[in-house]
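Below you'll find a set of structures to go through.
Each of the two complexes below includes subunit A, the first together with subunit B, the second together with subunit C.
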Partner chain A sequence: MLYANFWRRNLGFAKLAIASNIEYRLNFLVDALVQPCLSSVVEVVLWISIFAGAGMTLIGGFPVESYISYALWATFMGRISSSWMYEFRMIEEIDSGSINSLIVRPMSFYEYYLSQLMGYKFITTAVSLVVPLVLFQIFNLPFHLDRLPICLILVFYYLILVHSLSFIVASLAFYLNRAHSFTAAKNLGLWLLSGELFPLDLLPEPFKTLFSYLPFSSGVYVPTAYITGRIGQEAVIQGFISVTGGLIVANLIGWALWKQAMKNYSGTGA
Partner chain B sequence: MSQQSTLKKYASLYYAFFRASLQADLEYRANFTLRIVTDVFWYAAQIFTFEVLYRHTKFIGHWNLDQTRVFLGILFVVDAIYMILLHDNLERFSDKVRKGDLDLLLVKPVRSQFMISFQRVGTANFANLIMAVAWLWWSLSRLPDFNLIKLLWLLIVIPNGFMFLYAFRFCFACTAVIFTRSENLQFIWYNIYKLGTRPDSIYAPWMKYILMTVVPVALIASVPARVIIDEPSWPLMIWSFLLGPTMIYGTTLFWKFCLKHYSSASS
Partner chain C sequence: MNYVIETKDLGRSYETYKKPEGLMNSIKGFWNRQTIRKSALKGVNLQIRPGQIVGLVGANGAGKTTLLKILSGLIMPTEGSAHVLGTVPSERDYHFLSRISILLGQKNQLWWDISPIDSYALLAKIYNLDPDKARARVYELAKKLQCDHVLETQLRRLSLGERMKMEIIGALLHEPEVMFLDEPTIGLDIVAQSTIREFLADYVKNKGPTIILTSHYMDDIAKLADQLLLISHGEIVYNGTVNAFSQKASQVQTLQFRLDKNLEKAIPLKSGQQIEAGHREYQVQVVNEEVPWLIAELTKESQLQDLKLIEADFEDVIRQFLEKESRVR
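Showing the complex of A and B:
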């Protein structure tokens, strides 16, 4: 009964996110279709140009088709695995005091926003997925369609870690008057470490091994490299393990920050 | 009012904006520091990408690593100026429209475009400008045939590159007046801008042509870098100098067009 209520409640939050995001249709279509198309074109053009400019057929042992495949999937995975909007909203709830109306409800602040994030990412993924799939069919690029489900599961699992990091940043808003810059710094850091800019296997040692073992590579590099055939299944398993480790650490920090904040928080001003 | 006193009025107004922004920024010290760090991450990402790519090839386009570093230096300087002068203003513009704050700006006895574009100064980003200039200086010092006189060109071409950046970004921000919620349209701008964050020498000729004319983002950093690295191409320079002011004028026309579609949010 407890679990049934939990799932029903969180499904409701997810549906709320879906409804509020498709409310402004043009905005949603730009987010889910125009942006991925444009980002994909930009990335493909860049890699083709880099190969043409360098006058080489292989970079890091892989041909241009492999990089185009990587760029297309990395753009897609990168868009799913990042979180700006809900993190800003969490910070604003705390900054403005409107969090008071949330913490008195029989739910947690963490789950309220996690379910909304998942709902939003679910609808965006469902629509955006059309872009790489169509492009791969048109250009006949190398990738393993059968690996897509496990890659999506890994990215959504990683998204929980991203949300946990967002929760930490939002919790900092209890201690600092302005925490918005943490979001930008954190997301740029993740962007750098996730492998969205270039395949992490191009890095020299020891950075290559270090970056690959960090949980952040599971957001873009691991799923993208796996789906395009650059790495094997063991890297995906390693990805699940490192994200689990990251989740434990991030949630412990988030829990400690939240608990301390709640002890000192006096809910005035809402 | 004479032109001189108008200029004086706007200069003193901008000075007041600067003081208010500095006070507001210094109030939140952690935020102030993090804003600097955030841009450092962005610089690191750009540098990192090229340093990694050049590990696998000697040339990209016809530029080697040292020349690409100069390109990055110019990109960082233009970006830092943008961050100081415009970023905070244009980034929050959509919110201003939605919450009705734009109404307050429209009734003030100064040009509304000026208020929207320059009301907030990103004072933290002065640190980034120093870093960008330092990087540019270091990268220039590594060029074997670098001539100091060429640096004078930068005084002209960097502001010109900034004009393109302003014109593009302002027009994208203005779409909020028409669509009310246009955050995602702003991401389209970032994708287009991304093309300008790579040296134009890597693009195929047709692509380069598009980036010089139809969507002239290559004029932001690539053209200024070419002036320093290669010999200045006069047709390109003339085109660049004509297009910059034209685009700025275009922004005023577009702003007026947007205002015709504006229905006050707060009334």
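Showing the complex of A and C:
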């Protein structure tokens, strides 16, 4: 019964995120379609320029098509696996005191935002997916369509870790008046560690091995490299394991920060 | 006896830091901050029975909202203990949270980007209510509050009064046993205030929840509350019935009069104040038994042309209390 209620309300939060976002139609279309298109163009131009500038046909053993293919999927995966918007909202809720109306209800702040994040990502993924699929058809780029479902599952699983990190950053807002700077710093770190900036297999050892074993590589590098044929299935399994480890660590830290914060919380703004 | 709300030596203090003026002090404060400990609530002992409506009155910063926040589980006390419905509120047990409701009049608690009807559907899921029954209840409450025509309008597009009515429906949807209402009529026009007041009075009569209500409008307290708590500097300074307080209030009257000529000599009153000489028109506050004596004093050398006795009402006395508190601060 309690379990059913848990799913019922969390499905409600996910629907809330979808309803709130599609309420502003233009904003939603820009976010789900225009931005992915522009990012894809930038990535394609960047890799073509790199190859042209270097005067090489292979970099790290892969041709330009492979990099364009990687860049397009990495852009797509990177957009799914980031959560700055909800992280900002969480920080704002704590800063402004509007969190008060959430914590006096029979639900948790963590689940409320996680379900909203999932709902929002679900709808934007469904729409944004059109961009790489169309571009791959047009330019006839190499990728394995049959690997897409498991890659999406891994990215959505990783998204829970991303949310847990957001929860940690947001919890800092109880201690510091402005925690937004942590979001920017964390996102920069994830941009590099996830492999969104460039494929992690271009890194020299020991960074290559170290970064690919960290859970963050499961956000972009592992699913992108798998779908474009750069790595095998064992890396995906490894990805699930490392994300699980990351989830345990992040949630332990988040839980401790939250518990301590609640002890000192003064119910700002009400 | 079973109490719904019980507190023992309840207290809460905050730590904040000094922010002296100027850029240099801001730079100094970057590595050397002076913290200050401020006590918002001290030694509060309460015992509230089921079904009581308690009016909590005090000046700004007296500790009213802090008390509500502790009792609703929003914040933890730093001293003493609180029990609401037999539970420690700060544990935020889901069963406890589904039996209470807190309405913060200055804050939106419904969702800004969606319509109230969608917000209520979500609240029904959060509180595990039957969706059909919840919807029927929403329409019933909205009809009573005369706002059913805006249920499907995005919350951000509603007027303040309409929003407050929506917030009240949201707070009552799960039929809470204990309600904390913090300024439910703040900023509303007289019509909206009285609609909400009548609605709450009717709701209390039918459902009998325990309510702690704070308001700057004494009409809210006088018409809804049966118990009065006056809070000052974080301490409860009066805890009794509203009737007893009103009786106490009626011992003071305002005497308004006009003389045929300027008063020649000042007249000292029992309260320590005095009626200054040199004027013809006066309005003074006197205790009941002093009135005949004062009239006799005035008519010794002058003739009274107009005399009016105005009984001090509940609001006047509360206002005097709050004014006194503000001066002490």
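The rule we apply is simple: the second predicted complex is superposed on the first by the 269 of 270 C-alpha atoms of A that agree within 3 Å, B and C clash if a C-alpha of one lies under 4 Å from a C-alpha of the other, contacts with A are read in each partner's own complex, and residues count from 1 in each chain.
Note that contacts are C-beta pairs under 8 Å (C-beta built on N, C-alpha and C of every residue); 3 or more make two chains touch, one makes a residue touch a chain.
Since we're looking at a predicted model, the values are computed, not measured.
When the shared chain is aligned, no partner comes close enough to touch A:I241: not subunit B, not subunit C.
Touch criterion met: A:G53 reaches subunit B, while subunit C stays clear of it.
Once chain A of one complex is fitted onto chain A of the other, the partner contacts of A:L197 are limited to subunit B, with no touch recorded for subunit C.
In the superposed model, A:L176 makes contact with subunit B only, not with subunit C.
When the shared chain is aligned, subunit C comes close enough to touch A:N100, but subunit B does not. In the superposition on chain A, contact of A:V42 is made with subunit B only, not with subunit C.
By the touch criterion stated above, A:L252 is placed in contact with neither subunit B nor subunit C. With both complexes placed on chain A, subunit A has more residues touched by B than by the other of subunit B and subunit C.
Residue contacts after overlaying the shared chain place A:V130 against neither subunit B nor subunit C. By the document's definition of touching, of the two partners only subunit C reaches A:G12; subunit B does not. Touched by subunit B in one complex and by subunit C in the other are residues 24 of subunit A.
Listing the residues of subunit A that touch subunit B in their complex gives 24, 26-28, 30-31, 34-35, 38-39, 42, 45-46, 48-50, 52-56, 59-60, 176-182, 184-185, 188-189, 191-192, 197-198, 202-204. Only residues 14-15, 65-66, 69, 72-76, 90, 92, 94-95, 97-98, 100, 102, 104, 106-109, 111, 113-114, 118, 121-122, 125-128, 154, 182 of subunit C touch subunit A when the two sit together in their complex.
Residue ranges on subunit A touching subunit C, taken from their complex, read 5, 8-9, 11-13, 16, 19-20, 23-24, 97-98, 100-101, 103-107, 262-267, 269-270. By the touch rule above, subunit B contacts subunit A in their complex via residues 27-28, 30-31, 34-35, 37-38, 41-42, 44-45, 48-49, 52-53, 55-57, 59-62, 179-185, 187-188, 191-192, 194-195, 198, 201-204, 207.
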